[in-house]
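Both complexes below contain chain A, partnered by chain B and then by chain C.
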Partner chain A sequence: MNNILADIVPILIVGLSLGSLFGLVGLAYTVIINATQLVNFGQGEFAMVAVAVCWASLTKLGLPLYVAFPLAILAGALMGYLTNAAIVTPLLKRDVHPFYPILGTMSVGTIAAGTVGIFTGFYWMPIEHFFGNEPLQLAGVPMDSQGVLIILATVAIVTGYWYLLHKTRLGLALRATGFNREVSLLAGIQVSKMASLSFVISGMIAAVAGVLCAPFSAFTATDGLILGINGFIALIVGGWGNPYAAVLGGVLVGLIRAVIVGYISSAHAELGTFVVLMVVLTIKPQGLFSGFMMPKTMNSRT
Partner chain B sequence: MLRNRKKDLLIICGIALAAGLLPLGVAEFYRYMVVLVSIYGIAALGLNIFMGYCGQINMGSAGFFCIGAYLPTMLQVKYNVHYLIGFPVGVVFAVLVAWLLSYPLLRLKGHAMAIGTLSFGMAVFLIAERFPNLTGGADGITVPPMTLFGGDAGDKVYYYLILVCFLAAYLICYFLMESRIGRALKAIRDDEDAASALGIDVDYYKRFAWLINSAFMAVAGSLFAQQAGFLSPSTFALWTSISILVMICVGGLGTNLGAVVGAAIMTLLPYLLVSIQEYIMLVQGLILFCILRFMPDGIVGTLPQLWSRLRRGKEPAAAPKAEAAS
Partner chain C sequence: MTRNPFRYLKTVLAVSALLLISALQPALAAAAGAPINVGFTTDFSGPAATLTMQEAPVVEMIVKEINKAGGINGRPINLITQDNASDPAKAVGNAKMFKEKYDCKVIIAGVTSSVCLALKNWADKNHVPIIAIDPASDRLLVKDGKSWFFRTEDPIFLSVEAALARMKKLGHTRIAFEGSTLAWGTDTLAMIKEKAPAYGIKVVSEALVEPKAKDLTIQVKKLKDSGAQAVFCADYEAETAGLAKAMSSVGWKPYVIHVSAANITSATKLGAPEMFNGWETLQAADISKPLARKVYDKVRAYTGKPVDEDKKVLRAYDAISLLVAALKASGNPDDSTAIRDAFYKLPSYERATGKKGSKGGFVVGKNHLVDLDDEIIYSIKNGKIQPSK
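So, the complex of A and B:
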């Protein structure tokens, strides 16, 4: 009995940090969904590009981490801005199949992955642990310092985003844009700027998630997609269009995954994730935490 | 209308005849190209019915492709079932799976449907990879060659089998989409509520399109297994679903010809770029980007417009400008 308890604490901590990571990516999706009702299928590649920039400035240019990390976030923001300006806005102006803007974001992601792949030869882009490889000892339980960092960063980012969304005029404008585009236009909100801003914020969040994740498991140019899928699963399990639900969904998925890895086999972890997703889609398609901290109007699924 | 159909059928017959006579005259490489384009053409035609005509989203089509490829192969390897029996069994099984999945998946809309189908595709891929005693695992499995009358069937029999399947698939799509069913599907794509108000059984037709999609995918998968001679789970990862989706978008959503044209372009492209393997991903991304950005109707949807614009000369050049402004 004691053994099981001793086992479960590290497993839960790993699950929590993994889940925070998925939740962060889910949050990045939700930022765009809130402002434009679009899913950005290039989200994982935003993170991947940030990792590539961070890796290149650390190893090729020899810059210290406190310069490389902001550079990576800048790269994520730039990716977000470019995606919106190059394909999403032009496609939204035309009357096309509603799936086309999403495919457009996917094409930008593919181009990014292909470009980074050419420069790195599709090899690993490893980044070292930020605070060394030594595990932290907290009340006798060993913890990965990077995992703790991810959890703290997630809490900080979610709090910051909550503050932006609910306590500032800008946040009000962002929420209004997501709620009703036409009415927001009438109220004098610059809707296209809000859409652009949401892509930039989303790119920055994805960049943070990617760079924090990279020491855990090294990225290759095509691995952004996997992080993106996990983040999207987090968002669907949590709740559509609700940033807090997306993070909660991510934590849930991460915990389930860690428990499967810890007690059954690491080979079945991904399969377990998809089974969870299918079950949630079948019994509660609007997401498990869809009403959490949000008024009903914000998480309408279109 | 009728005259148009006659012309279309004549063209189809002509192409079929040309393809049928092909093995007599040209190098094996070109025959191989025709085979590849036909396989992916069948897959693209199937996906096009569900996405182009019915307006739904399927990002897990590789799952059915995988079932169609693995089932006949495993039946042959483990129970010595002949390929020509395993082939229909695989297709029927894929349709059965699709029918069961249609209950949870077809209720969903938009993005939820995208992620639902995507998770199905990933689940099939993971099953193929992580259960070695069922499928041969990540190492892959060698497909035994097809036998006929006690001997090796040979390339030519296989070539004609593929050709017949492709022609049948194209004709099915062609006649289906001209019929009542095709019109119902298009109505659902344009406006689901309006279609339902007109008395179209939306659920029934959606399920119909979904089953056709899965059946075509499974047929393409079975043919692919014989062509490749070796199955590895990584062939059926997410990227296959996406590349078939890219094919129908490049050719033009909602046109049968577009699906085939897209399949031809995206399949032959890697062979044109064979010297620069690393650039393929970038080039595919760029093609998708340019098609979406500059001709969202796809190649088949845009070229006739361009052609007629050129033929009319400068005079109606104002029309496209007005179009761009609106």
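So, the complex of A and C:
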């Protein structure tokens, strides 16, 4: 029994932790989609900028992690706020095709990667495991402390987001904005502020995902894109417009990757991810978990 | 109606003048001190960018030195630098641009074997000599005749033989392999499998890891569970750091030999350096020899930054110095073939790579510089490499 546990637990932990990271980025996409109907293609770079801020705070300013991490989250929030204020809202006010602001977010991401690259020379921005490299022992099975931390952080963030959406007036306003922009305006909801808030929340979630991911494999200025792509796959596999489905989609992708790595080869993990995506697009394009806990006043293609 | 005998004279004279100018262009360019364009394509971004951070300044430094000293027969070298991001298609695009837009007659390149395999094919077809700094793949070997592709890095078969000999000496007979899914990793694995039986060594497990893999815990656990006594590693810096972290996270501390000193010294900066204590590596370079020390000091003074005291800057120094020497020895730096041939005419070149006193450029039938007896084993302690006892 212990042998089976010892075989399965590391695969589960890696799958859940990687999947949680993808899911968090998928959630970050969904927060914006629900409020604005737009996809933020700079999402991965939001995470990368947060990693850059955390790394610079730790190594250049000598700040402790408990200061650097919040600063990184603040940077993610700021990225979100500025992207919305400088690109998205002005374009939406001009009533252009939604493609324009989406392209705008992509440009923000590319500019962010280039700018961080200028400051870092496209060099790695390593961040150590938060609790050191020694493994956690659970029932005699060693497991990676960073992986466990990522899983716990994801549960906490999803719970917090659920609470915000369902138990606060602000969450109600956010949901209403996503459900019907015009009716929300008539109801006195400041729709543009809700859009701005969604970008800020999204930036913060992406920042947490990025900084938690960085200890696994150091980031460079161009690595936001990879995380962004995996988050988008999570969103598609889980269910468009459903925040919880996006997280579940990420977890599923992560678990499948871990199983492929564990029982076939890590060289085929990427292939496996895209095969899953193709299967979902063919069989259930609305996403595998599209109806899961879907709030009634929330956009979805279902 | 009579025909004017001078009717076509103007046209004939104009064409003749053009032909004369074209024929004399190299001489005119040389006389005018026109720059000699040299293309430089390497990985300023991508999985091997850390290597470039150390190597590219060496190339720039030597070019500046040569230009300051009057260039080559009064002609300065104009280094045209382009990023290839470890992408073979980008690298070939750069090479094409160097040739067609800048009329480069010689190119210097880095980093990955995948990129250099594409560049070698391009060089063979276009007859423009390329000297590369880093690639190790044995598929780059040219054993017959003259080559259009040269490199200063030691080929895989040499480092694999040296590493297997070391493992045999230490008594490790069951080994695991961890390496990159890129050509360097897969080629190294193939070579280990071919050579290991001769050393009485068996490869009991293997893990090929894609660049930017986030977590290697599962792979490491598989290697551990296979009963391997030691690990043979051929991976880039971030993935090597990931391997070390994963080994710590599963509580496994086997003997590890990394086939690239350049990558492991970079990896020690991406994780806690003590994770690598007890690991060994090897390189065809004696970092204690006077020329190596001189190169480290020069590069340190030039960049104002710390220098990794391994083979990175040494092989970059050899590559650009050999290129400059070939341009000089060619007699005509505007002739690709003359430059290619000149790479074989440098017997007195003093190498920064290799053992103490190693000399000579390339010889026909061998497009790399070093031999098996140039390989030196180093151990890693707190992020630094030192010759093993």
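Here is the rule we go by: the second predicted complex is superposed on the first by the 289 of 302 C-alpha atoms of A that agree within 3 Å, B and C clash if a C-alpha of one lies under 4 Å from a C-alpha of the other, contacts with A are read in each partner's own complex, and residues count from 1 in each chain.
Everything below uses one rule, namely that a contact is a pair of C-beta atoms (placed from the backbone, for glycine too) under 8 Å apart; a residue touches a chain by one contact, two chains touch by 3 or more.
Keep in mind the model is a prediction, meaning the values are calculated, not measured.
In the superposition on chain A, A:G291 makes contact with neither chain B nor chain C. In the superposition on chain A, A:H97 contacts chain B only, with no contact to chain C.
In the superposition on chain A, contact is made by A:E270 with both chain B and chain C. Legend: residue contacts after superposition of the two complexes on their common chain; A:I233 is shown touching chain B, with no touch to chain C.
Legend: residue contacts after superposition of the two complexes on their common chain; A:I111 is shown touching chain B, with no touch to chain C. Of the two partner chains placed by superposition, only chain C is touched by A:W124; chain B is not. Touch criterion met: A:E134 reaches chain C, while chain B stays clear of it. Look at A:S217: by the touch rule set out above, it reaches chain C but stays clear of chain B. Within chain A, the residues touching chain B in one complex and chain C in the other are 117, 121-122, 222, 267, 270.
Those residues of chain A whose C-beta lies close enough to touch chain B in the complex are 39, 86-87, 90-91, 94, 96-100, 102-104, 106-115, 117-118, 121-122, 222, 225, 229, 232-233, 236, 240, 267-268, 270-271, 274-275, 277-278, 281-282, 285, 301-302. Those residues of chain A that touch chain C in the shared complex are 10-11, 13-14, 17-18, 21, 117, 121-124, 126, 128-129, 133-135, 142-145, 147, 213, 215-218, 220-223, 226, 258, 261-262, 265-267, 269-270. Within the complex formed with chain A, the residues of chain C that make contact are 44-46, 49-50, 53, 181, 207-210, 212-219, 221-222, 237-239, 241-242, 245-246, 248-251, 269-272, 275. By the touch rule above, chain B contacts chain A in their complex via residues 51, 55, 57, 104-105, 107-112, 114-116, 118-120, 122-123, 126-127, 130, 238, 242, 245-246, 249, 253, 278-286, 288-289, 292-293, 296.
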